[in-house]
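In the two assemblies presented below, chain A is common to both, partnered first by chain B and then by chain C.
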Partner chain A sequence: MNVAQQLVNGIIIGHAYALVAVGWTLLLGAARLVNFGHGQIYMVSAFIAWWVMSTTGMTYALAVPLAILASAALGAIMQRLFLRLTLSQDLVNLMIATLGFGQILEGAAGLAFGPKPETLMSPLQAMVFTLGPVWFTAQDALTVAATILVFLGLYLALNRTRLGAAVRMAAEDPPLVALYGIRIARVYMSIFAFEGAAVAFAAVLIAPRTPILTSMGFEQVVMTFVVVVLGGIGSVGGSYLAGLLLGLFTTFFSALVSPAYTTASVFALLIAFMVLRPGKLAASRNFAR
Partner chain B sequence: MKTLPAPLRFFSIAALALLGFFLPRLLGGSSHAYDTFGMIATFSAMSYGLDIILSDLGEISLAHSAFFATGAYAAAILSVHYGQGAWVALAGAVLAALALALVLGMITLRTREFAFSLVTYAAAVVCMNIAANWDFLGGSDGIVGIPPLTLSLGSASFTASQPRQFWPFAYVLLLLTLYVVHRFRRSRLGQAALMVHMNPRLASMCGLAGNRVRLLVFLVSAPISALAGWLYAFQRAYVGTDLFDTYFLVLMLTGVILAGRRLLLGPLLGTALLVGQKSFFSLGAYGDKLILGTVLVGILCFCPKGLANLWRRRSHAAVEK
Partner chain C sequence: MSARLEIRDLRVAYDRNLAVSIAHLTVEPGTLAAVIGANGAGKSTLINAIANWSRAAPRLSGEILIDGHAIADKPADLLARKGVVLVPEGRGVFMGLTVEENLRAGTPAVTAGGRAYSLADIYTLFPRLRERGTTPGGALSGGERQMLAIGRALRMAPRLLLLDEPSIGLAPRLVSLLLETIRALVDRGLTVFLVEQNVPAAMAVADRLYLLERGRLVASGSVATMKDDPRIIEAYLGARDG
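So, the complex of A and B:
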């Protein structure tokens, strides 16, 4: 086994996990909302980018912002639909509703894009850098850099801006935001739109690595949720670290033990964590840190 | 609401149950009608497993599609690989579901709300992953060639291989499930579950151990969904990883929520509407998914207490006028 190469792979995949999870981290931390449609938004974003490129012949660089815009709009639609449930903090119904939303996206994507696997082509995927015993593509480098930027940006936005303060307030106590003279619906709108945009950004960066299928959303959510839970619910820095560690863990597990049971091993990791640190699951003190 | 005197109530329930049995014949008696009614009975039995958790315990278990699949896989393995009869397969399905529920119940004992849902969801994905990769469970090809269902009771023996012949089995399973759920709601455990859900502090003051109640309810609910899976395996003569599809999960959830929670016949009515649409007005697999999701989101956003509540509200309004 080429340890150095596996280490690089793990770091790349870890950043990918973290980037996919960042939108959900904010959504869970600020709105207490578990979005089971997260994986389907990922899938739809990848397909929108693919569709734009294959029908209009647009370049990858142009398809990326389009997919991000489209998914931010999806997030905003979700917010409009779920506003009443979010405001009343009806968490049980909210969770089921997001599952239904995911189902709508999957059905619609199946009707629009068909059941065949497709490939989202990125020109950066073909550029390979070799450094001694390790190699990686320009797409990988971009993914890592973009993840670091998104996490830094989110951290600064939450802690240094007015909107960030409003989001933190909404996490603490939604009526407080109204007292401060800010429309709570607008705060939620920005949170949901960020969730959509972030997962779309992740999708267009990561999807070129493998063929895309309209049914891929189901499994996509699991890694995200492990990242969010291990990182401490809603913690920005924690999610980054958890994503990175999870990437290293899955890479070495599939290289040393068995690639087929990687998902199962991650679940075992999660259970071990829950048994050792049960209190962590309920905590929201780490939000925005 | 007025309640009828006991003997009268018994007779009206028996008459309704009898009428239900002849419903597919009254609606034409075609093979397609029997198939549809068989599916409605099987899938609503599956939904009742989740109904107990969702309506009485107030948590969302997303692992019930895994219990359903566990029952189906147990039935398939026992009857295909080991040549066992349907009764052994039934016992195997229940035991396998109990074992899985025990493990999952212990893991999720201290989790609530979204943590509970997330862990059960992840468990369902992991189960699918294992089923797709482990050759013992058929791998990604699944298990084919499940024999016709043959159940012997004393000297009598019943066999089913056609939709028409499956209907009585599915119907009996449904009636049994309804009876169990009804009894559960009146049992000490059912009452305890409701109290743990509605007022955990009062429950602990009354000396109820919340975690124990939760685990027990989980153990009651899993075999219900597994039994539906057991029958479904024989109905389809094939099990595969598609049993873990979110479609089944969303079907269950929508079935429970559509008519209204904590209504004995709610999941049956909800499932009947959904399966009826799929069977008679299907828009293809993707179209049906789209409809199912839209129904679920629509109900939750505009009428979270279910259709029955809408009707009740109207009749209340009529009385006030």
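So, the complex of A and C:
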């Protein structure tokens, strides 16, 4: 086994996990809300980018912001659709509703794009760097750099901007936010839009690594769930670290044991964590840290 | 510009339990009206109803007017942006935000209409807050938290400041200091509607008193007349000798 190569792979995959989970982290940490259609937004974003590139000849660089905008709008629409559930923080019904919404998205995508795998082409995927015993693509480097920037940007936005303060206020005491003259529905809509945009950004960066399928959303939401729980539910720094560690764990597990049992091993890890440190499951008050 | 508050036939109920029923109440611009009453009299329900804010979503009927405009159907966030600013019981500050973040979060909308207090103004009014600028709200003492709550409200350029039990849990010296500050704001033209269990403290600063019992106004008048009301003397000030 090339340990150095596995380490690099783990770091890249770990950053990918963290990037996919960053929107959910904010959603759960700030709004105490869930979106089980998260994985399907990931899938739809990848297909939007692929579709505009293949039908209009648009470049990858232009398709990326387009997919991000479309998914941000999709997130905002979801918040409007489930407005009553979000404002009352009705977690169980919201889980069911978003799960259903995700299934509708998957069905609609299947109808629109068909069942066969497609390839989202990025010019950076073909640029390979070799450093001694390890290699990686420019797309991998971009994914790692973009993840670090997104997490750093989110941390700064939460702690240095007025919107970030509003998000932290919504996390702490939603009814009280109104007395500061802030519409809580708008804060929630911003969070949902961010979630959509962030998962789209993750999709367009990560999807070029593998063929894209309309059924690929479920796996994403499963891994996101694990990252967010291991990260301390809603902790920005915790999710980054959890994503990174999970990436290293799955990479080495696949190499040392078998890729066939990776998902099972991840859930074994999650259950062990939940049993040994149940207190960590409570959403952190300092989620912005 | 300060606001005139008028309440007509207001009824507030939780499920089928009527908590407040008030036929008529007015607060003139630039005055301080205090609603006094025992625990459970409906004081907080009343003041929250004016701001259309509650954690329990009561049913409300009747009219609440600010300068003649009906506000009862307006959401709390809009009212706050229009200068009807509530400081709820229990202070109403964010524990995870620093003092300065709490104050900055309460920046006024252009439509608020009252005097907008800058951060420097707030720190002049409450010097202790300047020293505690980077301290989280959760690490403040009760008095500091109350100063912060009022400072945040003033930042929102209120035309009508609604204060729910500002003296609760505070040392007598702090209560005097806080109420003197509130009185000074009224003397500068702000309209203040205060609900308070500490009747002597409320009497010391108010222009007009309303006595609320079981959700109904049973007496009202200037402080000069109300201080001789036997119901108030007996229940809140202690019976006088001779």
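Just so we're on the same page, the second predicted complex is superposed on the first by the 287 of 289 C-alpha atoms of A that agree within 3 Å, B and C clash if a C-alpha of one lies under 4 Å from a C-alpha of the other, contacts with A are read in each partner's own complex, and residues count from 1 in each chain.
Note that contacts are C-beta pairs under 8 Å (C-beta built on N, C-alpha and C of every residue); 3 or more make two chains touch, one makes a residue touch a chain.
Just so we're clear, the structure is a prediction, and the values are computed from it rather than from any experiment.
Quick check on the superposed pair: does A:181 touch chain B, chain C, both, or neither? Answer first, second, both or neither.
After superposing on A, A:181 lies in contact with chain C but is clear of chain B.
In the superposed arrangement, which partner chain does A:96 touch: chain B (first), chain C (second), both, or neither?
A:96 sits against chain B, while chain C stays out of touch.
When the two structures are overlaid on chain A, which partner does A:271 contact: first (chain B), second (chain C), both, or neither?
First partner only.
Who does A:162 touch here: chain B (first), chain C (second), both, or neither?
Once the two structures are laid over each other on A, A:162 reaches chain C alone.
Where does A:36 make contact in the superposed view: on chain B (first), on chain C (second), on both, or on neither?
After superposing on A, A:36 lies in contact with chain B but is clear of chain C.
Once the shared chain is lined up, is A:172 touching chain B (first), chain C (second), both, or neither of them?
In the superposition, A:172 touches chain C alone.
Decide which partner touches more residues of chain A, taking chain B and chain C as the two options.
B
Considering each complex separately, which residues of chain A are in contact with chain B in the first and with chain C in the second?
Correct list for chain A: none, the interfaces share no residue.
Hey, which residues of chain A end up touching chain C in the complex?
Answer in residue numbers: 162, 165-166, 168-169, 171-173, 175-184, 285-286, 288.
Which chain C residues qualify as touching chain A in the complex?
51, 53-55, 75-77, 80-81, 85-88, 92, 94-97, 101, 104-109, 112, 152, 156
Could you pull out which chain A residues touch chain B in their complex?
Within the complex, chain A touches chain B at residues 28, 32, 34, 36, 81-82, 84-85, 90-93, 95-97, 99-111, 218-219, 221-222, 225-226, 229, 260-261, 263-264, 267, 270-271, 274-275, 278, 281-282.
Give every residue of chain B touching chain A within the complex, in rising order.
58-60, 62, 107, 110-115, 117-119, 121-123, 125-126, 129-130, 133, 245-247, 249-250, 253-254, 257, 284-297, 300-301, 304
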